[in-house]
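Across the two complexes that follow, chain A remains constant while its partner is chain B and subsequently chain C.
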Partner chain A sequence: MQGGSGLSGRREGADGRRWRALQQALIVATVYGLPVIFVLVPLLTFLVYSFFWVEGGAMHYSLSLQNYLRFFAGEAFFRVFWQTILLCLGVAAMATLVAYPVAYFLTGIKGRMKSTLVMLILVPLLMSYIIKIYALRSILGANGLLNQLLMGLGLIDTPSSFFVFNLNAVMLTQLALLIPFAVLPILLSLERIPRNLLEASTDLGAGGGQTFLWVILPMSLPGVVAAATFVFVLAIGDFLTPQMVGGQAGFTFGRIVYSQFGIAFNWPFGAALSVILMGVIVIAIVVGARYGSSRRGTA
Partner chain B sequence: MIRINNRFLSVLGAAAVSALLAAPPAQAKELRIMSWQGYADDDWVKEFEEKTGADVEVVFIASDDEIWAKMMGSEGKDFDIFAVNSAQLQRYIDAGLTTPIDLAAIPNQQATLPRFSNLTKVQGITRDGKVHAIPFAFDASGGLIYDKDKVQPTPTSMSILWDPKYQGKVLAYDNGEYNFSFTALVMGFPDPFNLSPEQYEQIKAKLIALKSNVLTFYTNMDDGTQIYQNNDVALIWANFGRLQVKAMEAAGANIGYIIPSEGALAWLDTWALTSGVKEKELAEQWINFLLDKKISAQMSERTGYGNTVTETDVANPDDKLIYVEPVENPTLRSDLWNEIKAAP
Partner chain C sequence: MPNEQCLLELRAVSKTFNGVPVLADVDLRVGDGEVITILGPSGSGKSTILRIIGGFTAPSRGRVILGGDDITEVPINQRPFNTVFQDYALFPHMTVAENVGYGLRVRGAARADMAQTVARSLRMVQLDGYGQRYPAQLSGGQRQRVALARAIICQPRLILLDEPLGALDVELRKQMQGFLKDIQREIKTTFLMVTHDQEEAIAMADRICVVSAGKVLQIGRPRDLYYRPGTEFVARFFGENNLLKGLLGAAGNHYRHVEAGWGPIRCAVDGQPEIAGAASGLAAYGAVRPEEVSLHPADARLDAELNRMEGRIEAVSFSGALTSVRVVHTGGACVLQVRLQSRAEGVPIQVGQSVVASWRAEACRVVLA
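Entry: the complex of A and B
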């Protein structure tokens, strides 16, 4: 069919209807097709790859559980896995603790000042991730800004190696990188609390502290859970920060996954490790979503 | 001269060139070169074209995998000559993608530095008495950089990396394959690229011991320089050789560089003829032309790599360079390296 006859289909009703139906089908195919092609198919490919195996540098395309068995039997990998989960839970908790007062402070500000401040919190997200890590690493280094500051204040005599090339460094760097992601969900949930509920609380004789503890905090918990989930998921998938500031002690699960795709050329094992990591992420999101929504239901 | 960078264009280009060549009766000879950047510069190509009256077509490649793909894809027929690393060369010889070289056609080869003139003594270049490639450029990729203020006297061996004096001041490189190879050299194992299971165990323990001295593992040259600037670093396993020394000196570092007495890992790039070579004589003339003192010295000047004709500061004549060979099991090395990094 030529495009012209379709477009002039108004003259012939049946033709026009067919054209519209085709358009409809195209739109539906696009809406469902794109996610399938670009999300579902790659994920399924990964899943299938995780059951292949590599021996002597050659890939074997027969299904086997050996990649998963290797992970659960290998003591070293399993320990790193737990260590990574604990690290990221720590990062999520601390990021939320820091972000809450920031978001709370922002809800108390009005107008242009507020949008400017929110913009300032978001500006770091526009910068390249790797440049931020480089910058943070030079701040945390033995000759870095932080050590010079502490020495200038007389708090320490010699440069401390506490802040760089260990797990502290990974935690601090991820915190700095991910705090903006924690501020936003909390800010949104705080702003959704109706003013009249706060007024009612005051009318009933509650002080500022009581209102916060019994009204604001419970009602903002879905945002807190969302923030923590966000940060946890972003932190656990990160392999660059541990690589760049973790030193010899900061070996994380993401780095093991990453290493399977270079010289090792063990894509199936890397895929299996990714599937395990994805399992953790899905659990985190499901827990986060359920907690968040049940709270909203009672509120 | 025709110069094409893109793989797709090169196919089109080759087709177009052959179509053109088919038309005129008196055609100039054509030399088809596949090369790394820096090994077939414009001015050399022009000079060679003037000297021989031939047309030269250069296609630049960016990775070992790309050379392999191009050679396998055309069964060696798309090019007459290609630049290839000596470690990589082995699989081309195995696959029958090379043509042995006639040394009589390359008189300049006799005038190369003593350690390159006897090709049977260069690892991996000859097979069954036939010469499959001619060395052209090399660099030590595993020397030792030391901070002159912090390390005295001048170290002579990589074993200094394990010296407890430098706890937390050692910058190591994040590559399991190389780390196993250089530690094998430190421990005096004869073949660092083919290790026995017992040797693997010993090296693994030795590398875990190294960790307590290591500040961190760096991944590229800039990474290493930045860590050095912001932290207390005394010793660096220098994967990028002289280039890394130059970059760090430019950043104001007071450092020295040695090739350790047990030998440094190094790479060697060579020229080899393809199995589909059409202009064998011309290709051998090209190698002879590049082994000219002037051209080889220019290559070193421009790239910072060593050449095989004139001495450079890349290595002293008696320095022990161990040209990297394919290791027996890269997957095993990478797995063990992960276990070493994961060790508490």
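Entry: the complex of A and C
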């Protein structure tokens, strides 16, 4: 009896072990498999596609570099590409500049008030992108709040079209949409600065400005770089905002990519442009990671 | 602070955090050039005292006086003090040299002067050649020395050290104690140092300030605290002590007796006017250190001036240089810890043996219960 149960127990044990190993394998397969299927495979598909080509409305499934040659030779594409990079760098820089004081102000606040304010910054992130863009478009538009305000202040006489259906509009809208993404990393890096370093600085005779310039700012730099990288990557991948507020004048690279898939039906060329865009994003992330963590040590 | 000039004074400083009292009427006078350690158990308010002096925390009541001037309201960066923080608080993004030179940079020192002064300070703390490293690339003891160099470079009137050796292991601690002491002798700056290690306090201090539950219990030279404790807490705080319970006998100028159930204990009271004048009949202890007691055969003839207690050896335990012996009074009324020099052949004493323990009145003090 005892031996029997022991034996069956052992057999169950072996089964159990096999079952557990299977479970383990399934988990591993899911954890590593899903990203491969949903991220890596599409990316690779794109990469392969970018070497196919379209002629006379027909797909040619043979490898060729002509999509890339077309991009680098065709001045129009390259100009928009470069303009978009500058635009997104501008958005990243401005978003970071605005976000820093906001984050700095937030670190100075304590308790309930702070969590409320942080929530206020987070809530827009959860809202629909389209709704936010519409809202901003109405603010920037000819009869929008901004124009009303400027006219009310007597700065302009007639509604300005400076803020609508051009790159300015794209920039302002993206700025407004992406600032919350910049606040968070900066806030985190500011909060991570040990209080006693600020005390040490003051103890050594530094005034508030010196402490900020020599201790707080350099120590929050990783957060600043992360914020700028974040915003840049999000801005350059965004085709919806330019589509909706850019109009004819506000043409960006994202829109060109989009049009290759949606309008021109030239998937291979679109794929090649996407690969180029991806390259820019990877470079941005690598540069960001590099400058964001170049500071040594923690003690 | 007998001979030196008074540099810093705390006058009736109290502190409450959200209504909870943390310091109560702390008075402290720090002499110019002296080393004072603030000693006390965890949570007794040591760091708070230091932070009030440094200006990091404002006292709820009381004044902080520097050389006769009231500096209670003076901001941190205008006080001529520098702090060595417990976890060093080195700037991680600056090199050792930049850390050390920070105080000079803040004052707008010329680059060349700065480099020279920094090099000199690094040499002083035996870290020349480490200037270009970052704090993360240093050992604990080295970081500690950087923190010290950073504090002394501004030539403060007073250096505040909050458990500066707390993060170091025992061996390194001992070494750094000597090192700190040497530096202090060299620069002659006043040190005010927090610790909760009594050995460290004794090794470092000219005077020790014992704090417990937000009150200063006693301030004095290490010897005085060791041999003339003012309170039971202090008597028990520094190493082992025999506190023999009884009632305070009649007043006297040089000696008073503590009447224990098993006999009188003669105690010296010189230099302790408050004890000499205390009312008789108060509950009190005769306090004598274990190493002050000697043991004799039961039939030995002893000087009548000596305190004596007849008893039986209950335990003998060897612990290196010293051997601890526990003597219980014949009637069981009292237990006495005795410490003898160890000998290669063993102390001439065995468990169960009857003995007479004796000690001089000069080595025995009254502590009010």
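Operating definition for what follows: the second predicted complex is superposed on the first by the 284 of 299 C-alpha atoms of A that agree within 3 Å, B and C clash if a C-alpha of one lies under 4 Å from a C-alpha of the other, contacts with A are read in each partner's own complex, and residues count from 1 in each chain.
Convention: a residue touches a chain if its C-beta (ideal position, glycine included) is under 8 Å from a C-beta of that chain, and two chains touch if they have at least 3 such contacts.
Just so you know, these numbers come straight off a predicted model, no measurement behind them.
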item	value
Chain B versus chain C as contact partner of A:210, first or second or both or neither	second
Touching partner for A:76 - first (chain B), second (chain C), both, neither	first
Contacts of A:219 with chain B and chain C, given as first, second, both or neither	second
Partner contacting more residues of chain A (chain B vs chain C)	B
Contacts of A:200 with chain B and chain C, given as first, second, both or neither	second
Partner chain in contact with A:237 - chain B first, chain C second, else both or neither	neither
First, second, both or neither for A:16, with chain B first and chain C second	neither
First (chain B), second (chain C), both or neither touched by A:90	neither
Overlapping contact positions on chain A, where the chain C interface meets the chain B interface	none
Residue ranges of chain A touching chain B (in the complex, touch as defined)	54, 56-57, 76-77, 79-80, 134, 137-138, 141-144, 159, 161, 164-165, 243-244, 246-248, 251, 255-256, 259-260, 262-266
Of chain B, residues touching chain A in the complex	168, 174-177, 211, 214-217, 219, 223, 226-227, 229-232, 329-331, 333-335, 337-339, 341-344
Touching residues (chain side chain A, partner chain C) in the complex	194, 196-197, 199-207, 210, 214-215, 218-219, 295-299
Touching residues (chain side chain C, partner chain A) in the complex	54, 56, 75-78, 81-83, 85, 87-93, 102-103, 105-107, 134-138, 143, 150, 154
